[in-house]
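The same chain A turns up in both complexes below, where it pairs with chain B and then with chain C.
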Partner chain A sequence: MNPLETPFIKTIRREIAFTARDHTVWFWMIIVTCLSVLSVAFGQAEIKHQHVQIQSLVQANEASNTLESSKWNDWGSAAFYHYHMTYDAPSDFAFAALGQRDNQPWKHRIRMLALEGQIYERDVSNPSITIIGRFDFSFLAAFVFPLILIMLLYDLRASEIKAGRYHLLVSSVSHIASLWPLRTILRTTAVLLCLLVPMIFAGAINGTSLSTLLQASIMVLLFTLFWSVVCYIVSAWRQSSAIILTTLVGLWVVTAVVLPAGAKVAIDKAVPLPSGADILLHQRETVNDAWDIPKEITMNNFLQRHPKWANYQPKPPSFDWPWYYAFQQVGDQATENLSTAYRNGRLQRDRIAGWVSLIAPSSLLERSLQSLANTGTAASIDYEDRVRIYHSKLREFYYPKLFRHEPYDKTHLNKVPRFNGR
Partner chain B sequence: MKEIVYIAVGELRYWLRSHLALGGSLVFLMLISITSILTTGHINAENNARVQQQKNAEDTFLTQPDRHPHRMVHYGHYVFRSPPPLATFDPGLDAITGQSIFLEGHRQNTAMFAESGASADLGGLSWLSPALVYQIFAPLIIILLGHGAIAREREAALLTPILSLGVSGYSLVLGKALALLIFIIIIMIPLMVTCTIAVFKGADPIAAGLLFCVYLLYLIVWGIMTLCVSSILHKRSTVLAVLSSCWFIFNLALPSLAVNFVTYTTPLSGKIETDLTLLADLHKVGDGHNINDPAFGQLREQLLKKYNAQSLADLPVNFRGIVAIEGERKLTNVLNSYAARRMAGETQQSQQLANYGWLTPTLAITFISRSIAGTDLANYHRFQKEAEALRFSFVQKLNHAHAEQLSYSDDIQRNKDEASGLKARINASNWKSLGSYHFKKSILSDRVKSAFYSFNILLTWFFEMCIMLFLCARGINS
Partner chain C sequence: MMMLQADSLHIKRANRAALNGINFHVNSGEIYALLGGNGAGKSTTLLSFLGFLKPSQGQVRVKGIEVKSNIAAARKVMTYLPESASLYDHMNAYENLKYFLQLAKRHVTESDIQHALNRVSLNQDSWKIKLRDYSKGMRQKVAIALSILRDTDILLLDEPTSGLDPAAIDEFHALIRDLANNGKAILMVTHDVYGACQVAERIGLLRDGQLVGEFSSHSDAPIDPQIVHSAFLRNK
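The block that comes next holds the complex of A and B.
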C-alpha cells in the first residue's frame, strides 16, 4: 500500500470520482464555460469595434479638418472651425467589464468654443440596448454565477439524506466533518475554473497585465468563497431542500437587487446635484449676453482670471476674435461652480456607492472589476476631466496667437495639441 | 367543475399554512409596494421639474430684448422631455435617455443629461421599477408557490390515492392552475393601484387595462411553466432547482446575451460618425451665412429677375434673410435624412432584439410594457422628431422676420458702429412666434401597434404553454 494513501487522501480521491460522476456538476460546468466564453468573446468583439471606431473617427475628423482648412484665413476662424476628437480608448481589461461605456459618452468632437456647451453631448448607444445591458464577464461573475453556485450547493446534504445514503456515508467516512466542506470545495473549484479560464485566456490574448488578471481572479475567488460559505452554512440547516434553496435565492435577491436598488435611491436623494439644464441655460445666457453688453465688461471678467493678456489691444476694423473667445471662456467661468458641483456630486455619489457595495457583494465585485477595467463612473469622470484639460491646452495654444495678433500661418496648425486618448 | 374548485381551495389552504408561501408573498408584496410608491413619487417629481424647466426656457426666450433675428437663431431654445403618465409603472427608457435638447440654427444636437449618467452606480439590476419587479420577481414568487403543486402530492405518495378517487389528471392540474391564477391576480393588485393612480394623472384607461392584461398573460405563462415542470419531475427540490435555473436563464442571461448578439450582428455608427459623413453633403448645401456662396447664385438671379431689380439693395426683401431661409431648409433636409437613417438603424436593432422574445418571454413583456406605457424607443424618437420640428419652425420664423422686417442695407451695415448695430434689430414681439411646447404622451393606437409584434410572441408562448400543460396533465399518473 502506498504510504501516502492516508484515509484522508482516499476520501479526496473518492470524492473527486464522485463529483466527476455527477451529471448536475457537468451540466453546470458546461453552462458556465459557455457563458464565460460568450461573455469574453463578445466583450472582445465590442472592444475591437470601439478601437476601430476611434481610429476611423480620428481619421475622418482629420480629413474634414484638412478639407475645411482651405477656408481658414486667420487664427480666429482656424480656431472656430477646427474640430478635435477626444476619446477614451477601452483598456486592455475592458473586454471583461464594459461598465458605463454604453451609457456614458466616451467620445467627443470639440472645438475652441465654450466647453460647457459641448462636454455634455451624449453620443451613446441605442437606449433600448443600454437598458438591458451587455452580458459581460463582470455581470456573469457578479450576478449569474452566485445563482449557479446556489444550484450546485444547496442540496449537498439534504439530497444524501433523501437518497438514504447519509448514514451510510457518515459511517464510512473517517472524518465526516470534513466531507461536506470537501464536496463544497470540489464543486466550487470546478465551476470557478470554468468561469476564470476563458477570462484569463482572453486576457492573455489582449496582453492584459498579469497583475490585473491576478487581481481580477482574486476578486472573483473571494466572491466565490463568500457565496460558497453562505451556501455551506445555509445548507447545513436542518430543513427541506426547498426551504434551503428559497433562502439562498432570497439572499441573492436581497444582496444583488434590493440592497443596491434601495441604496441607489437613497444615495441619489442624499446627494443632490444641480440640474444639468441649469448649467446649460446659465452658460448660454452668459455667452449670449456678451453681444449686448459693452465689450469692456466681458474683457474685464476675462482678464481678472487671465491677467496675462491685460495689455491686449483690440484691432478696431475687423471682427474681434479675441473678444469672441474671451466671452466663450467667461461663459465657462460663469457656470464653473454649477459644473464643478455637478462633477463632484457625481463623484460623491459614486464614492458612497462604493462604501454601500461593501454590504452588497455582487455590486462590490462588479464595481471592482469595472475599476480594474477603467470603465466605471470614476473613469468616465476622469475622461471628462481630461477633455477639460485638453480644452484648456487648446486655449493656451490659440490665445497667444489671437491676443498678440500673430499672423496666420497654416504650418503652425501641426503644433495644435493632440488629445491623448491612451 | 366542482372538483377543480375543491382542489384549488385545497391548494390555497395549503399555501396559507405554509410559512414559505406566506413569507415569500409578503416579501414580494412589500417589494412591489415600496417600488411603486418610490417610482410614482420620483416620476411625478421629474415631470413637475421638467414642465417647470420648459416654462423657464420659454420665459427666458420671450423676455429677450430687441435683437438681430439671427442672434436669436443662435441664442436657441431648450425642450424638455416629460415622462408619460404610465411611466410611474414602467419608466422604461426614461432614466437612460437625455432629458433635454438644445435647439439652435444649423445644428441638431443630441439629447443631454440622462439621469443614469449622474446616478450612483451599483450595477446589475439596480434600476428597480414596478414593471421590472413584475417582469423578474413575480415569476420567482410564482415558482416558489407553484413548484410543489403536483410534485408535492407525488412525493407524499398522495397522487395515487387522489387519482384513484376518480379525479382525472386534467382536473387536478386545472385545480392547481386555478389556485395559481387566483394568486397571480392577488399579486397584481399593486399594478392595478399604480395604473389607476396613473389614470387619474392622465393616462389612458385602455392603456392601463392593456397593461393589466399583458402582465396577467405573462405571469400565467410562468404559472403554467411551473405546473408543467412540477408534474414532470419527481423530486420537489429538483423541480425548484430546474425552475429557478429557468428563471435566471430567461431573466438574467438570455436578454443580455441577446444584446451581445444584436450589437455584434447589427452595429450602429454613432452621432459623431454620422456628423462627419454628412459634412460632404453639407458642402453642397452652402453656408446660409454667406450670401456669396455659389450655392445661392441661382436664387439671387431668380429674385433679381422676379423683382426686376439691379442689385440686392433694390430687392423688397432682405436677401440675407432669404439665403438664411434657403440655407436652413436645405441643411435641415440633409440633417433629417441622416437622422432618419440613424433612427431607422436604432429601430432595426431594437426590432432584432425583440425577436429574441421567442427565446425568453421576459424580453417580449419588456417590449410590450414599454410600448404601452409609452416609454419605448419610438417615444424617444418621437421626442427627437418633435424637437427637430420645433427647431426648424422657430428658426425659419426668425429667418422670415429677418427677410421681411430688416432691410438689406441696415443688415449689411450692422457691424459699422453702435448705432447701426441698434438699427439692425427687429422687435422683441417676434420672439412670441416660438409658441409653447409640451411633450405629450403618444397616441394610444400607435403604442398598441408597436406593441403588437411582441404581443404575438407572448401569445405564442401562452399557447405553447397551454399545449404543454395539456400534455403534462394527460401524462399524470402515480
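The block that comes next holds the complex of A and C.
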C-alpha cells in the first residue's frame, strides 16, 4: 500500500484539508506570525542596542581613562580617577526573553570607592514598576498565546452544535478520535508553528545554540499542550459557546494575571526588602561622617577586618589616601547587612515566585525562558556578585601599593584587573 | 428483516419524559413515516436510535443489536439526515460531500458524486458554489445526496422534504421509494400527511411522547390521508 494512502494518513489529510479551508484558522495563523515576528524583532533591537551601548561605554571609558591618566601622579589618585566598566552582556537567547534586564541594572561604571552605593545608584532613579515586562517573545508565548489558543479552540464543538451539524458529524465519523482531538491538534500545531518559527529563525541568526532553541521550543510546546488540553476539556462541556469562552478566559485571567499579581503582592509583603536607595543613603552617611570622626576610629574599624595592613604608617603631610580608601571600605562594611538582606531577600522572593509559578503556567513558562536566556533575577544577582568580586580584585591590586606607599608607576596600570563581561 | 426496533422506549430530556414507552419497528425494504405535532418526540426518537439519547427504560435495537451496547456498530449501518440539515457553509457541494464521506470512510468515485447530485436534481452550475450562496432547498438536496452516497442499510431522515418545492418533493419520494425497493429501511419524520401517505408503507402518529396510532398500507390500497389527517387533528 502506498504509505500516503494508509487510513491514518488519509484521515490526517482529510482534516488538514478541512482546517485549511477555515478562514479563522488562517486569520489566527497570520496574527500569531505577525506578533511573533514583532516580538522577536523588538527583542532583537533591544539586545542590539544593549550590545552597542556596552561597546560604546567601554570605548568611551577607555578614552576618558587614557585622557585623564596623565593627571594621575600617585596610586591614590590613580585609583580615585580610574573608572572601570562592568557589564552583563546579553546572552544569545536574551532577544527572546529580556526579563529583568528591563528594570535591573546590567552595567555599572565603578571605581575604587565604596561599592554598594555604586551598585544600587540606578535603583534610586529607576525603580522597578512593571509587573509585566515589555513585549518580547516570552511575554507573547506565556500571556498572549493562550488567549489565541482559546479563541481558536473554544467553540470547536459548540459551533457545530449551534449549526446543527453535531449529531451528523458524530454519527458519521468512523473514529471519534479523528474528529475533535484531531481538529484540536491540527489547529494548535498550526499556530504553534507560527509562534516558534520566527523565534527559531532569529535564534539561528544570533547563533543561539541548538540545545537552547530546542529547550525553549519544548517549553513552549509543553505549555501549549497544557492550554490545548484545558481548551479541549472545557469545550467538551455541553454548554453554550459563550459560557465556554467565559470559563476559559476566566481560567486565563486567574492563572496569568490574578495569581501572579496576587502572589507578587503577597511575596513582597511576606519578604520585606530594604530598598537600594536605603543602602545608597546609609553608605553615603557613613562615608561622609568619616570626615568628621577621628581617623583612628575609622582605621580600627577597617583593621579589625583587614589586620593584614595593621603595620601601615600614615605618611604626613601628604593627603592620607589609605585612610581615605579605608573609610570607603568601612562604608561598604556598614551597609553589609543591608546589602546582604537586599540580595538574599530578592533571591528568596524569586525562589517563592518560582514555587508559586508551578500553579501559574504562564509565569512558569516566562521564568523558564528567562532562566534559559540568563535574564532572570538570579542572573541579575549573579552579575552583582561578579561586580563585587571584581571590585575586591581592584582593592587587592591597589591596597599593597597604597598601604606600602609604593612609588607610582604608570606601566603597572596595565596590570589593573579587567572585568570579564562574558 | 427487522432493522429498527423500539421496545417500550422511554427517553427523558431536561428531566421531562420526551418519549413515554413507544413500540414500533421498521423492516428492510420499508418506509416508515413518523407524524406528530411540534415537540411530540419525533426527533428524539431518531436521536435515540443513533445512541445520542439513552433510554431510561426499554431499549432500541438496530439490526437486532441493542444500541446502548454497541453504539459504533449501530451508527455504522445508519445514515442520519438532521432536521434543517446544514452542511459546511464555506465549502461547495462537492467538497462537503467528499468531506462527510471521508469522515465515514466511505469511498466513492467522482461519477458516484455526480450521479447523486443529478438524482436530487441539483443544478450542475451550482456544484462548485459555496453552500452559503445556496437556497434552503438546495442545501437540503445536498444533504439528501449525502444520505444516498453513504449507502447504508438504514436511513433516518428528519423532515427531509422541508424546504423542497413540490416537484422536488415528488422526486424525493420517487428516490426513497427506489431505495426501499432495493432493501433499505427508511424511518422518516415528516409534517406532510399527504406525502407520507403517498410514500410510506406505515405511518406512526406520535403525541406527547406516545405512539397514539399506526396506519398501514395494503398491496391494493395506500393509506388514506383523510383518516390520518383527522386522527392527527383529533389527537392534537
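Note that in this section the second predicted complex is superposed on the first by the 394 of 422 C-alpha atoms of A that agree within 3 Å, B and C clash if a C-alpha of one lies under 4 Å from a C-alpha of the other, contacts with A are read in each partner's own complex, and residues count from 1 in each chain.
Everything below uses one rule, namely that contacts are C-beta pairs under 8 Å (C-beta built on N, C-alpha and C of every residue); 3 or more make two chains touch, one makes a residue touch a chain.
This is a predicted model, so every value here is computed, not measured.
S.K.: Sticking to the clash and touch definitions up top, decide whether chain B and chain C on chain A clash or fit.
M.R.: Overlaying the two complexes on chain A (C-alpha atoms) leaves chain C and chain B fitting together cleanly.
S.K.: Check whether A:Leu115 is in contact with chain B, with chain C, with both or with neither, and answer first, second, both or neither.
M.R.: neither
S.K.: Have a look at where A:Phe18 lands relative to chain B and chain C in the superposition and call it first, second, both or neither.
M.R.: second
S.K.: Quick one: classify A:Leu281 as touching chain B (first), chain C (second), both or neither.
M.R.: first
S.K.: Could you tell me if A:Lys10 is touching chain B, chain C, both of them or neither one (first, second, both, neither)?
M.R.: After superposition on chain A, A:Lys10 lies in contact with chain C alone.
S.K.: What is the contact status of A:Ala96 with respect to chain B (first) and chain C (second): first, second, both, or neither?
M.R.: neither
S.K.: For the three-chain arrangement built by superposition, which of chain B and chain C touches the greater number of chain A residues?
M.R.: B
S.K.: Taking C-alpha centres, what angle do chain B and chain C open up at chain A, rounded to the nearest 10 degrees?
M.R.: The vertex angle at chain A equals 90 degrees.
S.K.: One more residue to check, A:Gly250. First (chain B), second (chain C), both or neither?
M.R.: first
S.K.: In whole Å, how close do chain B and chain C get at the C-alpha level once superposed?
M.R.: Nearest C-alpha atoms of the two chains are 13 Å apart.
S.K.: After overlaying the two complexes on chain A, where does the chain B footprint on chain A coincide with the chain C footprint?
M.R.: Common to the two interfaces on chain A: nothing.
S.K.: Name, in rising order, each residue of chain B that touches chain A in their complex.
M.R.: Chain B reaches chain A through residues 20, 24, 27, 31, 35, 38, 42, 49, 53, 56-57, 60, 65, 67, 71, 74-76, 78, 80, 92-93, 96-100, 102, 109-114, 116-128, 137, 140, 144, 147-148, 235-237, 240-241, 244-245, 248, 252-253, 255-264, 267-273, 275-277, 279, 346, 349-350, 353, 366, 376-377, 380, 415.
S.K.: In the complex, go through chain A and note every residue touching chain C.
M.R.: These residues of chain A touch chain C: 7, 10-11, 14, 17-18, 21-23, 163-165, 167-174, 178-179.
S.K.: Please name which positions on chain A make contact with chain B in the complex.
M.R.: Going through chain A, the ones touching chain B are 35, 38-39, 42, 45-46, 49, 53, 56-57, 60-61, 64, 67, 85, 100, 103-104, 107-109, 117, 120-135, 138-139, 142-144, 147, 150-151, 154-155, 158-159, 162, 240-243, 245-246, 249-250, 253, 256-258, 260-261, 263-265, 267-268, 271, 273, 275-277, 280-281, 284-285, 288, 291-292, 319, 342, 345-346, 349-350, 352-353, 356-357, 360, 362-363, 366-367, 370, 376-377.
S.K.: Enumerate the contact residues on chain C facing chain A in the complex.
M.R.: That would be residues 47, 50, 52, 75-76, 78-88, 90-91, 95, 99-100, 102-105, 150 of chain C.
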